[in-house]
Each structure stands twice: as structure tokens, then as C-alpha cells.
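Just below sit the structures, each encoded as C-alpha cells.
Okay, so chain A shows up in both of these, paired with chain B first and chain C after.
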Partner chain A sequence: MTQSRFFSSRSATRSSADSFSRGLVGYAFAAAATLTLAGLLVFFWAPQDADQGMRQKIFYLHVPLSIAALCGFIAGGVMAIQYLRTRDSSWDLRSYVAIHLSLIFGVAALITGAIWAKTAWGVWWEWKEPTLVSFLIVFLLYAVYQPMRFAIDDPERQARSAAVYAIICGAFVPLNFMAVRLATSLVHPRVLGGAGEMPAEMRVSFYTSLIGMGLLWMALWKFELTAKSVSMRLGKLRAELIS
Partner chain B sequence: MNESKETPGLFAAAGAILRKDLRLELRTMETLTTAAIFTVATFVVFHFAFDRYEMSGDIAAGVFWVTVLFAAVLAINRLLSNERAQGGYEALLLAPIDRNAILFAKFAFLFVTLTLLEIFALLAFALLLLGPALSTEMLPLAPVLLLANIGIAAIGTLISALATDTNARELLVPLMSLPLLTPLLIGAARASTPLMSLVPHTEHLDRWLGLMALYDSVFALLAFAVFEYVIED
Partner chain C sequence: MTAAIATLAALPIAADTGGGYVAAAYAVFVALLLVYIGIMAAKLVRLQRGLGDLQERTRKPGDDA
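Take a look at the complex of A and B:
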């Protein structure tokens, strides 16, 4: 198994695989139920946007995706701190999977963002929207996480450098948002206004999809962790069998 | 500084490494000359790219800071690679000193290099492209350069230490540096725009200096907190 080359084999125990998979099915069902409910609310209950109509519905997908990705990035940084403190390689695996998964969410957020920008403003990209620009910079930074990680041969050193990088990036996220917000002309109207400006039906639908997206992130995170640790354990057992 | 005869204190050790690096640089002029040539070459490229004989305002600030940023990436690339190539890195790790001495020394060396480089780059820029002549009205550029250098040096030292363990160093340093240095570039370029306009003046200078100062302090503290983990053997 290729994974076993990258992560210290200490995390490849039966107990870690079990602890990773705990609650996986629950999260998966909760995510499916909440997202289904959110879909129903978004299309049949939330009012149509006065300007954008049906096209505004992508907001309920795009914003939760971005928030889940950003929270996942930050969570990856916190798990990296935990790794440096405990040197337990399962935390390294958690941090890696969190950042990996958030990158995938990030790609989806950028694509849905571009589609929304095209339908709402007629352009695929809008530099005047600081949230979008900040998100791109953060995404570019995290996109280097994997190339950096896998350019290191020694698994211990790989885990340590990746943890330090994850912590640096985690601290970068809020500062970057602040800097880009300052740099964007304050005259430009904020498109993604606070949730308080939305009618109650929109707000409830939005929070439902946000919770659903968070649950989906958790379910996928647990799934990937379980899959990785099981395949590592399999590799280890296979190696034992051969030797 | 020396509490015991065997192990030098943190600052004594950092000072020794810094003196070694500065002496090496003075004798070879490896980083400074290459970075200086790079800045002039970049100005020439920008002249043709924009087809301009002189620049002012936001274009001037942008061209100047992008050039400095790329030259800084060159310097960051070299910061620990020389140690690595000559086996000095292992010697530094073996030395009975606080590991943070390496951070302080490399930070200070990068800071000094960047400052000298920017003085040269600013003079070359004024000579080649900058519209308004250098004047005392541009003195507020000094704190902008100072704050930019602190941030670039802190982030650069961290990145250089992170990248030195990898087998794709030259590729990873710019990829990691550019997003991380973007907020500093925003602050520096926005603060420099009015200073490089045809009638140099200050506008929102405190806002941009504040942003850079905040960014610098966060990353200086962060570098201090995590550096020992990066260079652990």
C-alpha cells in the first residue's frame, strides 16, 4: 500500500482504525438526511431572490462549502498542534486528511463561486469580492501542502514539517482575510452580506445546508481516515505474512 | 552572555552564526550580487512589458514590490541551502546551542540582506523607471521597508527551514512564499502608492503600517514557537 510509505506505521493498529470509524455510519446518515432536508427547504420553502431568482440558490451550496473548507483548514492546523504536542502519528493522519478533504471542498467552493459570479454579475471572476479573493489565496497556499509533504522521504520528518506548515497556514487564514478586506475598496457593496439581512426562511435554509455540509465533511473525514488506516494495517499484515 | 564556558548563550551563539554568514557574504557576495542583478533585469523586463519610460503611483509601487518580492524569494532559497550543501547544517544542529539561535541568526541575516538589496533596488528604480525624483517626501518609505523586511525575514526563515528537508526546494520556496507574503505585499504596495505618485504624499499610511506590524508580530511569534520542530533532527 502506498500510504504506508508516507505515514508512520504506528498509526496502523486495529484500535486506531476502530476509533476512526466510530460514528461514521451515524455521520453519513445524518449528513444525507440534513442535506436532503436542506435541498427541500432551499427549493420549496425559501423565497426566490428578488434580483437573481432561481440562480441565487447556488448560494446555499457555495457558502456552506467554503465555510466547511475553511473550518477544515483551521481544524487541520489544530490537529497539527496536537501532533507536535503528543507525537502521536494518528493526529498527523487526522490533520492530513482534514486538509486534503478541505482542499477538495475548496475546489468545489471555487467552482460554485465562479458559477454564481457568472450568473449574478456576468463574470467568472470578481476581484472586488474580497471573500472570493482571500479564499483563492488560502487555497493556493494549502495546495502546496501535499507537494511539500511528499517531497520529504523520512516519515517522521514529513509529519513534523507538514504539521508546522499546517500551523503556519492556519494562522495565515484570518490575517489574510483581514488584509484582503482592507485592500478591497470599501465602496464596493458587500454581496455576501451578514446572515442577519436575509429573511428568516432563507436563513433557516442556509443554516440547514451549513449543518448538512459540516456533517458531510465529518462523514467523509472519518471515512477517509478509516480507509487509510485500514489499508495501512493491511499493508503491515501483508508484510508480516511475507517475512 | 556566557553563563558557562562550555555553552554560549542564545544571543552569543546567534551573533556568532550571523557574523559567520555576513563574513561569508562579504567575501563571496553570492546572494546580494545575484539578487541585485536580478532586480535590474526585472526592471528592464517591466520597462518592455509595459512599454514605459517612467512609472509613478500604483504601477510604480507594484513593479517595485513585485521585483523586491521575487528577489526576496531568491534570497530565501539560498538562506539554508549553502549550509546544507557544505555540511554546515549538520554542524549547526550538533553544536551545543539553543536551536533558536539559528532562527535569530538566519532571520537577522535575511533582514540585513533584504535591507541592503532594497536600498540598491530603490536607487536603481529611481534611476531607471521611477517618475518622481527621490526626495525627503519619500522618507515614510523607510518604515514600510522596515516592516516588510521583518515579515519577509520571519516567513522566509521558516520556509527556508521547511523547504530544506524536501527534495524539491527551488520549486517549493516560491510556491509557499508567494501566498504567505501576499498580505505584506498588499500593505507595502498600498502604502507606497501615494509615496511614489508624481506628488509624493501619505494616505492611509497608518492603516497599512498597522496591518504589516500585526502580520509581522504574528509570524515572528509563530516562527519562534515552531522553529525548533522544523529543524529537529
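Take a look at the complex of A and C:
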């Protein structure tokens, strides 16, 4: 029922544990450098928005966070497919960590979005706005993932059910995105492919922030995977020693 | 360092421009990141302790000599 029981029940091979940490330092430094550059571009190079002024700077944080979270959810679904295909428990772990990390990014996206909504629209939340509500629905779907997962005792069944759930939710994310795109938005701005094109400085700053956020997601994903796999190996060694 | 502080002070983050909200949004992100890193650091300390414990158990008598 607990996380430690779940992790100690899986056999992590040395090769998979080593592959988790491969590139971790590179991703961490690349994320730090890109996010620093993005901060400099956002605050010292990108022009202020004609309508929102300084408030619009939240966009460079909120949108990359939301995109990283949604892509992470989809990646979790793809890794779950890999688990069902191969029955390799390292894919289950990858999927679990991807969804866990995307939930944290989702929390940050929701909070920064609420702050932006308050300063731009005067309200913390707008229930009539499809983009906000759809993101909340996706977030709540994934918030159920962990309680559902750890409610199942049998490790094999737990991994299988979690994979099926992750695949269904992962497929829901792009469908939901398209449905929202087709709907008429009330107030939420369109960032990618919208009618209102951003100036080049804004676009470059935005894409730098997006790349930085993606690299940060990758670095944290590898970091958590490495920590969890080492923890599992340690637990296994301890069990062997005791037995 | 002084130049960096002077540059930061020149940023238009007054309340009337919405700068307070911008600072709050970025602070939330940094705070969440720090909490996450703190939790992971605590986990690594636990792992280190577990590893030390395992080393103690596996140490053969006479290894210290």
C-alpha cells in the first residue's frame, strides 16, 4: 500500500539504474544556463506588452510550465505503452516519475495562471474559460493516478492498472487540447499559431523559456528516477542481507 | 554584484504596473522548485544513511585491523 513497498517489490537491474543517470549533469547545467538566459531575455530584452505591460511577463513562465506538464503527461502515457509491450518494470517507473513530476509542474502552472488571471482579468479563476477548466480537468485526472495506483496491493496488477490509466489519460490530453482549440475562447489568449503574432523578441524569449523548462523537466525526471532506482537497489540489497 | 542589484532595482516591479504579481508568480515557481529539491535532498540523506547501515552490516570482523 505504501510507496516503499511498491518500489521494493520491483527488480531494478544495474543497467537500467545506470541509464537513468546518464546525461543528468548535462541536462541540469543546460537547464540552469537556458533558464538564466531566458530570465535575462524576458526582463531585459523582450518589449513590454502594449495592453498588459509588465503583467505579461508571467506568460513566459506560466505557458512553458503548462506545456511541459501536458507533454510530461503524454510522455507518461507513451512510457506506459512501453511497459505493457515489454513488461519491463523500468518503463513503469519512468511513467510513474513522469506523471509525478508533471503534476508538480501542473501545480505551478495553475498557481502562476491564477496570479496572471488576477492581475490581468481581476479574478483568480474564470469558470467560463475553456482553456483553464480543461487544464484543471486534466490535472484532476492525473491527481487520481497516485491514490488509484497505491490502492492496489498486488505489484503486477498495480503496474498494469496504472499503465492503462496513464494511457487513457495520455490520449485524453491532446483530444482535450484540440476540443478547446475548436471552442470559442472568451478571454484566454492563444499563444501558438494564434492570429496575433508576437514580435520577434517576445517569440525568441518565449521559445528560450520553453526549451529551458523542457530541459528542467528532463533534469528533474532523471534525478528522481536515479534516486528512486538507487533506493530500490538498496532496499533489495537490505532484503537479501536479512534473508 | 552591485551592478546586478542596481539592475534588479531598476526593474518596473511597482504594484501599479502589476510587477508585484509578476514577482509573486516567479517566487512561487522558485519556491516550488526549492521544496522539490529539499525533499529530494532529504531522500538522498536517507539513502546515504541506509548505505552506511548496509556497510556496517556487511563489514567482516577484522576489516578495521
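As a working rule, the second predicted complex is superposed on the first by the 214 of 243 C-alpha atoms of A that agree within 3 Å, B and C clash if a C-alpha of one lies under 4 Å from a C-alpha of the other, contacts with A are read in each partner's own complex, and residues count from 1 in each chain.
The rule is simple: a contact is a pair of C-beta atoms (placed from the backbone, for glycine too) under 8 Å apart; a residue touches a chain by one contact, two chains touch by 3 or more.
All figures in this text were calculated on a predicted structure; none of them were measured in a lab.
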Have a look at where A:L141 lands relative to chain B and chain C in the superposition and call it first, second, both or neither. first
Looking at the overlay, what does A:L241 touch: chain B (first), chain C (second), both, or neither? second
Determine, under the contact definition given at the top, whether A:H62 touches first (chain B), second (chain C), both, or neither. second
Tell me the contact category for A:I167 with respect to chain B and chain C: first, second, both or neither. first
For A:W116, decide between first (touching chain B), second (touching chain C), both and neither. second
Which of chain B and chain C A:A46 touches, first, second, both or neither: neither
Scan A:M54 for contacts with chain B and chain C and give back first, second, both or neither. second
Using the superposition on chain A as set up above, list the residues of chain A that contact both chain B and chain C. none
Inside the complex, what are the residues of chain A that reach chain B? 84, 137-138, 140-141, 144, 147-148, 151-154, 157, 160-161, 163-165, 167-168, 171-172, 175-176, 178-180, 182-183
In the complex with chain A, residue positions of chain B that touch it: 158, 162-163, 165-168, 171-172, 175-176, 178-180, 182-183, 186-187, 190, 207-208, 211, 214-215, 218-219, 222, 226, 229-230, 232
Listed in rising order, chain A residues that touch chain C in their complex are 43-44, 52-55, 57-58, 61-62, 65, 104, 107-108, 111-112, 115-116, 118-120, 220, 223-224, 227, 230-231, 234, 237-238, 241
In their shared complex, at which residues does chain C touch chain A? 7, 11-13, 17-19, 21-22, 24-26, 28-29, 32, 36, 40, 43-44, 47, 50-51, 53-54, 57-58
